[in-house]
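First chain written, first letter: the chains are A, B, C, D, E and F, and each begins at residue 1.
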Amino acid sequence: MNPRTRQQLMGVSTATLCTALFKRGLLRQFVQDVRPLNPALPNMVGEAYTLRYMPAREDLNTLDVFKDREHPQRKAVEQCPPGAVLVIDSRKDARAASAGSILVSRLMMRGVAGVVTDGGFRDSPEIARLPFPAYHQRPAAPTNLTLHQAIDINVPIGCGDAPVWPGDVIVGDGEGVVVIPAHLADEVAAEAVEMTAFEDFVQQQVMAGRSILGLYPPTDEQSRADFAAWRQQHGR
Amino acid sequence: MNPRTRQQLMGVSTATLCTALFKRGLLRQFVQDVRPLNPALPNMVGEAYTLRYMPAREDLNTLDVFKDREHPQRKAVEQCPPGAVLVIDSRKDARAASAGSILVSRLMMRGVAGVVTDGGFRDSPEIARLPFPAYHQRPAAPTNLTLHQAIDINVPIGCGDAPVWPGDVIVGDGEGVVVIPAHLADEVAAEAVEMTAFEDFVQQQVMAGRSILGLYPPTDEQSRADFAAWRQQHGR
Amino acid sequence: MNPRTRQQLMGVSTATLCTALFKRGLLRQFVQDVRPLNPALPNMVGEAYTLRYMPAREDLNTLDVFKDREHPQRKAVEQCPPGAVLVIDSRKDARAASAGSILVSRLMMRGVAGVVTDGGFRDSPEIARLPFPAYHQRPAAPTNLTLHQAIDINVPIGCGDAPVWPGDVIVGDGEGVVVIPAHLADEVAAEAVEMTAFEDFVQQQVMAGRSILGLYPPTDEQSRADFAAWRQQHGR
Amino acid sequence: MNPRTRQQLMGVSTATLCTALFKRGLLRQFVQDVRPLNPALPNMVGEAYTLRYMPAREDLNTLDVFKDREHPQRKAVEQCPPGAVLVIDSRKDARAASAGSILVSRLMMRGVAGVVTDGGFRDSPEIARLPFPAYHQRPAAPTNLTLHQAIDINVPIGCGDAPVWPGDVIVGDGEGVVVIPAHLADEVAAEAVEMTAFEDFVQQQVMAGRSILGLYPPTDEQSRADFAAWRQQHGR
Amino acid sequence: MNPRTRQQLMGVSTATLCTALFKRGLLRQFVQDVRPLNPALPNMVGEAYTLRYMPAREDLNTLDVFKDREHPQRKAVEQCPPGAVLVIDSRKDARAASAGSILVSRLMMRGVAGVVTDGGFRDSPEIARLPFPAYHQRPAAPTNLTLHQAIDINVPIGCGDAPVWPGDVIVGDGEGVVVIPAHLADEVAAEAVEMTAFEDFVQQQVMAGRSILGLYPPTDEQSRADFAAWRQQHGR
Amino acid sequence: MNPRTRQQLMGVSTATLCTALFKRGLLRQFVQDVRPLNPALPNMVGEAYTLRYMPAREDLNTLDVFKDREHPQRKAVEQCPPGAVLVIDSRKDARAASAGSILVSRLMMRGVAGVVTDGGFRDSPEIARLPFPAYHQRPAAPTNLTLHQAIDINVPIGCGDAPVWPGDVIVGDGEGVVVIPAHLADEVAAEAVEMTAFEDFVQQQVMAGRSILGLYPPTDEQSRADFAAWRQQHGR
């Protein structure tokens, strides 16, 4: 990812990004029903590296399988590139874990940017204390073997009903996670920065008592003039 | 609303109010599955002013629609009376936002008492920091245009499976939101104050080690006598 | 319960316990979709004492029923043994309360170890402030009479899709609640202590930058040697 | 059950019965989300004999358990009284069977009046061919041991969110199943016969082109006169 | 509606119409999760006349309300224009009825084209026997008063998550129901007739053993030539 | 597949197969919540050939994509081997179609044994008339492009929460669909034939009035003797 794009995405919200994507006809890029374990962290930004789970068949999912260094869950944790986000397709099923604190810690130490599952994490209180962005549906103490079998690494997946292609740019904030198609990342990031400036201006105006009519959107000439002045004044 | 009623409702819980309504045969007045974005705020009390969403048809919900000052969402935000609560029927669908921080800030600045949706808010971390009661199901970054079209202002609606008539009295606390039919507000508020006094008495007794049998409800004569004494002592 | 077992279970996680149960072919012992009202408390440990709700028929569930000292809900609260956990089968229905702060306070004062429902509690903000472990699905202000009728005390039940037999050992932490069959409690507790030592070792190694391959599980000879040294060093 | 009551209930619909119960303040007596396997059969009428399932723990639910003649599922099938309806609380979980064609056939041969589960039956195509009323949510091929453990016979239960007390009168038709509290069965049956006569009259009038206004309900004097004449004419 | 449009829509499928709408960027016009009570009837075609339900408050929904000739449910039944389809927004809640056989019969006798609810009908076996298209989610014996209050006639609504505006053209077949925006009805109908001709041609070819590659869609020149010949031959 | 195994599986039920799998510790092989479009057909038996859908991104799913002969949906239809069953992972989402009658007809003409999706088919009335086994959740008129993108052919998938590996043996009957792991197919088929003989014997006995106690399972010596005689008599 363009470093400038990464930097820009650190400063915008998933809500703003969703609107930028909406303008481009992309309406399903928000990962539904996931939340940050630690909502106080800075934004999570990185390219998607994916892991796909399928339903676990009992005979193929004994504890012994982890002795295999090629087990896709463990391999994904060791191979997810630094700066990327590991996105896990758990079929929206949080009855068993997608991963636990040890694997998540390993991702953090390896320089990975964050982790997202549409299922749940185990050891969630420990994960919540790490300075590392993690998003899930709800806590799930049972080992993944209980219901999930890791089967594919870095293929296109669904996560929380959003399409995720390897290399897509993933952004998370205190609200949730959005998926930006790779080829749109630069333009969407730049546009979101612009939109954020305007929204910050509007928010200040509203907090000062101004009506939203004519201001948001700025259909009044005065609103546009005021915004221009504000930008100059605030260097944005 | 009677100012005394408003003041009384600031000091009672939604749980107590639900019981007072239960006594009157009203069993569905609690808005199901919504929670406060900021659970530390005082109670929210106000008369319902409603906004109804319907499913969005794509051609009628481009970003341009907000240029129309008559757009019902924007109009509702500018017209909801000070002291009222804006209650939004989002068909319990939190996959797209009901509103965001700018509109919610505007409601706050206009003196509105609070906002409730059975869908979700976007910019939820910002909204959670406002000194303004807001209740939703879960965060929802996508713009409302993605799935919702504002269609009616101040008509009877459903919110979280509860019936909401314009003018009904809405009360929210750290637990959730309850809808009091307008004609019952005064008597229910007064009764809830009485019930709260008794519950506070019972809670103190229980924390002092007393059994609930004969005390809650006060089937023992002694319990009733003790409560009478407690009231006198505490001036309640 | 063996006091040593109780003490051991105070120091292990529900995630570790789920894995110990998984090894024994028990895959459904985690109570699905419940969470602590106060996630900062120490573990909850106690033997299950159960309460079963059925759907409420309106004529049998007026407020008067609580005048009956034999009402199963009130009786369960007064009879649940100190040190036990009251586990309530609310049919996963949180539209009405399973109990409120007065009953939960009474349980606490009686020395009960905690309370779990797969429905919801009312007065949840008050309960969250008690130094007493309570787990539910979500807040529910309406009185239990609205939808639930207490019908059986200390029979086998389901709670959050987990089977709960009276006397089973219930453990809760910041993640959720697990049910350990009574006859397995001692061996599972002992094994979980061992597993926890290993997980703590692994976590430290991972935080120091070590790969999980060969370490977790410890398929490398070196990992096993390092762990043996670590145990000696840390007296575990 | 009064034989006259049984006979009356053979000729009225669950819809009419629900309205008669609604008049008495009972709004939750319809078993939600169950359907007849064979919708062409006559009404099912009988007193409730209940079976309660709890979630199955794996070690307690091997195929061997059926060797025990006291296993509650098998015992319920052999002990459910002729003329009664076996009502099964399967926690609305149709992922595993509540029973199969052999047990259902045995119920039929024993003179039982019908069987209802809020889960699913296995061998459902075979059951659908029996001249025996059976109601479920959807087919479920896996044996009950997979997820359900039979635990209690003839206790009060929930079935499809309806309260079912042993001895309540169960009526099923092509639409579904309703639960009539035992003490109301006679009066509700009698009233439903009256209501059915009126509904039949109205239906004929409507099919002849008459408006429902003033007719249904019969607020017009003429409607009441016409109905009186119709009753005389049709001997009802 | 243009009579030619109506006639055309009698001969095309909801699946084909959904594709014609998809081409125009309209992806949510299929009414989700409703089915015909009698799947053997011809297509249902008519303009939408709507009825909106809200959650019922108990004190406003006694049986007496039907004595009011202005009750919106009864009024809608008497006022829905001949040739129109009555579309009911029941908030996807089939726990109580949207209407029963008497009202549906009255609609039929009045020349209405059909009825759709995203809830359920009572007396569903009787409705299924009428030569009148009716679509619902599942049978629901309890009277609508149990949970639903009719509140608005002919306003824009949601039905099965589809947006329905009064005057939109509603088409139902054995598969389900689709909503065509009024201004698109003529062109979509005409296009669907064309598409149906091509699909019938393709279906014949496929049943004769031809591959779909190059045929569906007709990327091969030969496919287009064959279709031209087929049209001429069949006069379509 | 062994032709004898195929033949055996044509004569046993999914319920019996589920029990045979249960004995081997496999509890999740039944495809949840799918049903036959035509329940009157003979069993469906074949090896799994899979198709995986992911959520559709709008820009990648225009109608033009079908012009690509390599589109995975069309390719799967042309390449699924005769005698195999096409099993589609539609993420249990039936809001848009998995396939329609033309593709299903092509599968039939190519000698494929059947098709299963955990989503829905469009043109479902037409598919229901084909002499070809097809299973889905419910009808879905919208084209798959609306929500689904075909992404992988013949990889391990989930279908209705069951794990499906390419080559697993799929069996469908009037009740639903079960997945037999490839390596178990021969032994499970043989055992199911034996079990079916016993179940047929028991069913006859029960229909003749015999109790299930001691008979099912055959814990009585007499039952085993009677079965032996029955087998000889019926040549099974």
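Here is the rule we use: a contact is a pair of C-beta atoms (placed from the backbone, for glycine too) under 8 Å apart; a residue touches a chain by one contact, two chains touch by 3 or more.
Keep in mind that this is a model prediction, so the values were computed, not measured.
Peer 1: In this assembly, which chains make contact with chain B and also with chain C?
Peer 2: For chain B paired with chain C, the chains in contact with each are A, in label order.
Peer 1: Report the chain whose CA-based centre is farthest from the CA-based centre of chain D.
Peer 2: Between chain D and every other chain, the largest centroid distance is to A.
Peer 1: What whole-Å value do you get for the distance between chain E and chain F if each is reduced to the mean of its CA atoms?
Peer 2: The answer is 31 Å.
Peer 1: Using Cα averages as centroids, what's the distance between chain B and chain D in whole Å?
Peer 2: Each chain reduced to its C-alpha mean, chain B and chain D end up 39 Å apart.
Peer 1: Which residue numbers or ranges of chain B touch two or more of the other chains?
Peer 2: Residues 27 of chain B touch two or more partner chains.
Peer 1: Following the definition at the start, I'd like every touching pair of chains, please.
Peer 2: Going through each pair of chains, those in contact are A-B, A-C, A-F, B-C, B-E, C-D, D-E, D-F, E-F.
Peer 1: Flag every residue of chain E that touches chain D in the complex, lowest number first.
Peer 2: Residues in contact with chain D: 63, 66-67, 69, 74, 77-78, 95, 97, 100-103, 105-106, 109, 122-126, 138-143, 145-146.
Peer 1: Which positions of chain B touch chain C when the two form their complex?
Peer 2: 13-15, 17-19, 22-23, 27, 30, 32-33, 35, 39, 173-176, 178, 199, 202-203, 206-207, 209, 211-214, 216-217, 219
Peer 1: Report the residues of chain C in contact with chain D in the complex, numbered from low to high.
Peer 2: 24-29, 54-60, 91, 149, 151-152, 155-158, 161-163, 165, 181
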